[in-house]
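Several structures are given next for inspection.
Paired with subunit B in one complex and with subunit C in the other, subunit A is shared by the two complexes that follow.
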Partner chain A sequence: MAKYNPLKDYRWIYMLLIIAVSWPLLFPIGLPVPVSKSTRMAFDTIEKLPSGSLVAVSSVLSGGNWPDLGPPEMALVQHLFKKKMKIVFIGCVDETPTIRESTLLPRINKYDAQIGVDYVNLGFIAGAPDVAEAAFATSLRKVLTVDFRGKPLDELPIMKGVNTLADFKLVIHIGMAEDPVRQYYTPFKIPLIVGVYGMMGPHYIPYLEAGQLSGMIVGLRGAAEYEYLVGFVGEGLMGSDALSITHLLVAICIIAGNLAFLYTTRGGAKKEGTK
Partner chain B sequence: MSTFFRSQVPLIIASLLAAFMIVEFFLDWAVLRTISSDIQSWGVVISAFALGLGVVTLTRNNVGIIRRREKNWPYYLWCLIIMFTMIGSGLIGPLGKHPVFLWLYNNAFIHLSSTMYSILAFFITTAAVRAFRARNIDAALVLVSGVFVIMTLAPIGATIWSGIPLIGQWFLDVPNMAGMRGIIIGIGLGVLTLGIRTILGYERAHLAGSGGEK
Partner chain C sequence: MIDFTILTTVFLTLCVYTFVYKESAFWRFAEQTFIGLALGYTFVMAIQQIQTVAWVPISTGKNVLFIGAMLLGFSLYTRFSKKHAWISRWPMAILIGIGTGVAMRTVVESQIVAQIAATFLPLVTPDPMKTFNNIAIIIMVACTLFFFTFTRGKGKTSGNVRKLGRYTLMLTFGAAFGGTVLTRMTLYIGRFTYLWAPAQRYYLLGVGALMLVVLAFYEKITPLFQKK
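Coming up: the complex of A and B.
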């Protein structure tokens, strides 16, 4: 039977990770949240829009990606409501309209906004991501006749005169960044803000630098920065400490793994030398 | 069905539609725009049908496994029970508003989905310990830049040392962006090549195994 080696038992790391996540959630540290350039750009873009502007919020939000994409969408939508924008929600994944109705909208301050007048949830368009986004952008009235609650679009004041994406002043997409750049920005040249997965942030910097994106919220960290700017305490700021400690743990684990690697390789070389 | 209808007709349809969509993108004609918007609506309808097809296929496969009493068959039965409970309760009354549907969605589905996603954190952390090792100079460079970027992306980085975000941001803005630009341009060229091959009928992967690559 092989001898038990605690250094090769990764359950220690699992336990440390659980503590690193749960401890700051239970006892917040309050670490400062520096605001990144991409988040500041997104905030400034919305701040510059006049109140009452029509904004489309398209998303691939679902239960699985909620921890990373839910807080960015929540922070952005909170800002839109605070600025009294007219918001049209669309889902490119079947779960999105339900999670918005059950989890996102009830948690934010809507500043007396009226459904159908100031905001509307149009439901889901099949064909994620490109087919749905292209259909929404170019032929909205052909693929949707009623909103998520079954009310005809023609009866909704917010949808009066809205036929394509060209009728919007800003579009926000939560998910990836390539497909909205292809389907929203390139054909219509409308300012586009994206909320993306934390791990995908570095991948989309070229789109930001090329001016195709007017702002980018990167995962939970970006949500924390945005909440700080808007003055709203949501899941981003609440999870910011946990994010910091877990990232620190990963960095420590990498360094520790390398020290162990150096120790074993050097030790092995020494042993071979003595032979 | 003859090979002509099984393989040639879909190829012709795909090629014509793809060519039309490209032409429409470059020509600003109202007639072309209307037809293109109709084609895009068809895409949505076909995608919606695919969802229904998924339900039928899943049911057929699971029923077969349950009938044959294959290994773990109770899980397949449970999958069908939950799927039809969700579909049924979601369709009763106003869409997605039935209490059973909402209870299952809010109290089971969201948390199970989030759990599946969160498990990634454990894999990533142990993978970082096992795989992220300075075996040579190239790996050491990746390791150092990786640690700086990790600490830059976490708010605590600046608290530990104000230089961390500066160095990490340099890695993101210069080497990362140069590499990513190359990758994006490469993907673009690849997609263009694939599109041309599809229009010309050389690419047959979308025919679901009825032709293969020419």
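Coming up: the complex of A and C.
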């Protein structure tokens, strides 16, 4: 049995990461948050909309992805309420309506928004994201007859005259970007803003450059930028220091790992040469 | 007054994080609790969905055609009988057909035509940075597409073009890796931000200390249970 070498224990990296994440959260540094082009585009798109515009917010929020997708949705929704927009929430997975009711909507009490008049949570539509989004976009009255609290859609003032996605001025989708581009933007040509996972940001830049997206918030980092623009401190700005420090640590680990690899392989080659 | 919601949340979160040190009974407890809860939640939401979307319109006579959809749904369960398993292939075929059809209907326009059109960029613009970006995009897109041309010659030029395409792909993968790290760290940051909020902080310290003590003696406690 190989002898235990504490220096080769990968858990040291976990320990370092825990310290790197926790330290800035306990003692904030206040590193600058430069606003990216995609976040600025999203902010400007909402700013240009007149107050009272009808906006659809669809998402795949769940407990597991809340830390990455929750802050972008929270930041965008805060901005929408601040601008007195009318918001229709729809979920594409079964956890979304519950997590919105328990975590997101209680935080917007300060805006005095009235349920059924200023916003409504329509629950979720079953099916893979594409099918659910297509159903919501083209025939929402057929797949939804009541909202998440069981109130008939015909009795909700906000839903008066709303039949398809064409009745909305803006769509926001939190999750991935391919399926809303396919189901929301391409058939209806309605401005589309997406909030995406941090890991998917680079993949969706072509959609932004092609003009298919009117803005994109990339994970927690994007949420921090958006919170800065809207002017409130949420989970994004609270976590941005930790995110920067952690990335720095990961970059150092990668460089150190590569140097060690080069050192060992060259050392190995030399040894073989001497033999 | 103890808030049991916070206590449960803090305890289960810490249970999951014990896996970072070592697999433990805490981790297995959290894992199995999560599976059970997720299954129960999904079941309830599915029943609710069937009730509001299908059962109410059928029972009120608004749309009796949904009976066909419900029958197709139920026939998925025939796969549990060897004799009748073939029936479940029909609803499955319809599900796959509709899913693929809906997803594919705008693929050509949104993910092929629009993306190709977006690479037709001006090579000279008033902004030098934009000019550089446009030229880089055109060259790198062309080289990457060429990389995937498998019926190719062995010329030096084509080799260099493919090499540039490969470097472009590697740059993309690097950006994707950076983003993946960002997301993974975000998950921990989100949890820690929640745990360290004033309402949860003391629960974290109390429950955390207790769990550390238990984990420290875990290897001594486990054999005692095994003897029983």
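The rule is simple: the second predicted complex is superposed on the first by the 261 of 275 C-alpha atoms of A that agree within 3 Å, B and C clash if a C-alpha of one lies under 4 Å from a C-alpha of the other, contacts with A are read in each partner's own complex, and residues count from 1 in each chain.
One rule holds for everything that comes next: a residue touches a chain if its C-beta (ideal position, glycine included) is under 8 Å from a C-beta of that chain, and two chains touch if they have at least 3 such contacts.
Every value quoted in this text rests on a predicted model; they were computed, and no experiment measured them.
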item	value
Partner chain(s) touched by A:Y185 [first = subunit B, second = subunit C, both, neither]	second
First, second, both or neither for A:N258, with subunit B first and subunit C second	first
First, second, both or neither for A:A113, with subunit B first and subunit C second	neither
Which superposed partner A:H247 touches (first subunit B, second subunit C, both, neither)	both
Touching partner for A:T145 - first (subunit B), second (subunit C), both, neither	second
Which of subunit B and subunit C A:G239 touches, first, second, both or neither	second
Contacts of A:S102 with subunit B and subunit C, given as first, second, both or neither	first
Touching partner for A:Y14 - first (subunit B), second (subunit C), both, neither	both
First (subunit B), second (subunit C), both or neither touched by A:L26	second
Contact residues of subunit A, present in both the subunit B and the subunit C interface	14, 17, 21, 66-68, 94, 98, 126-128, 131, 134, 143, 187, 198, 201-203, 206, 209, 218, 221, 243, 246-247, 250
Interface residues, subunit A side, partner subunit C - complex	11, 14, 17-18, 21-22, 25-26, 66-68, 70-71, 94-95, 98, 124, 126-128, 130-131, 134, 143-146, 178-179, 181-183, 185-187, 197-203, 206, 209-212, 218-221, 235, 238-239, 242-243, 246-247, 250
Residues on subunit A engaged by subunit B in the complex (per definition of touch)	10, 13-14, 17, 21, 31-34, 62-68, 94, 97-99, 101-103, 125-128, 131-132, 134-135, 138-139, 142-143, 148-150, 187, 198, 201-203, 205-206, 209, 218, 221, 224, 240, 243-251, 253-258, 261-262
Of all residues in subunit B, those that touch subunit A in their complex	25, 33, 36-38, 40-41, 43-48, 50-51, 94-96, 102, 105-106, 109-114, 116-118, 121-122, 124-126, 128-130, 132-135, 143, 146-147, 149-151, 153-160, 165, 172-173, 176-177, 180-181, 184
Subunit C - residues contacting subunit A, complex	20-21, 41-42, 45-46, 49, 52-53, 56-57, 98-99, 102-103, 105-107, 109-111, 114-115, 117-118, 137, 172, 175-176, 178-183, 185-193, 196
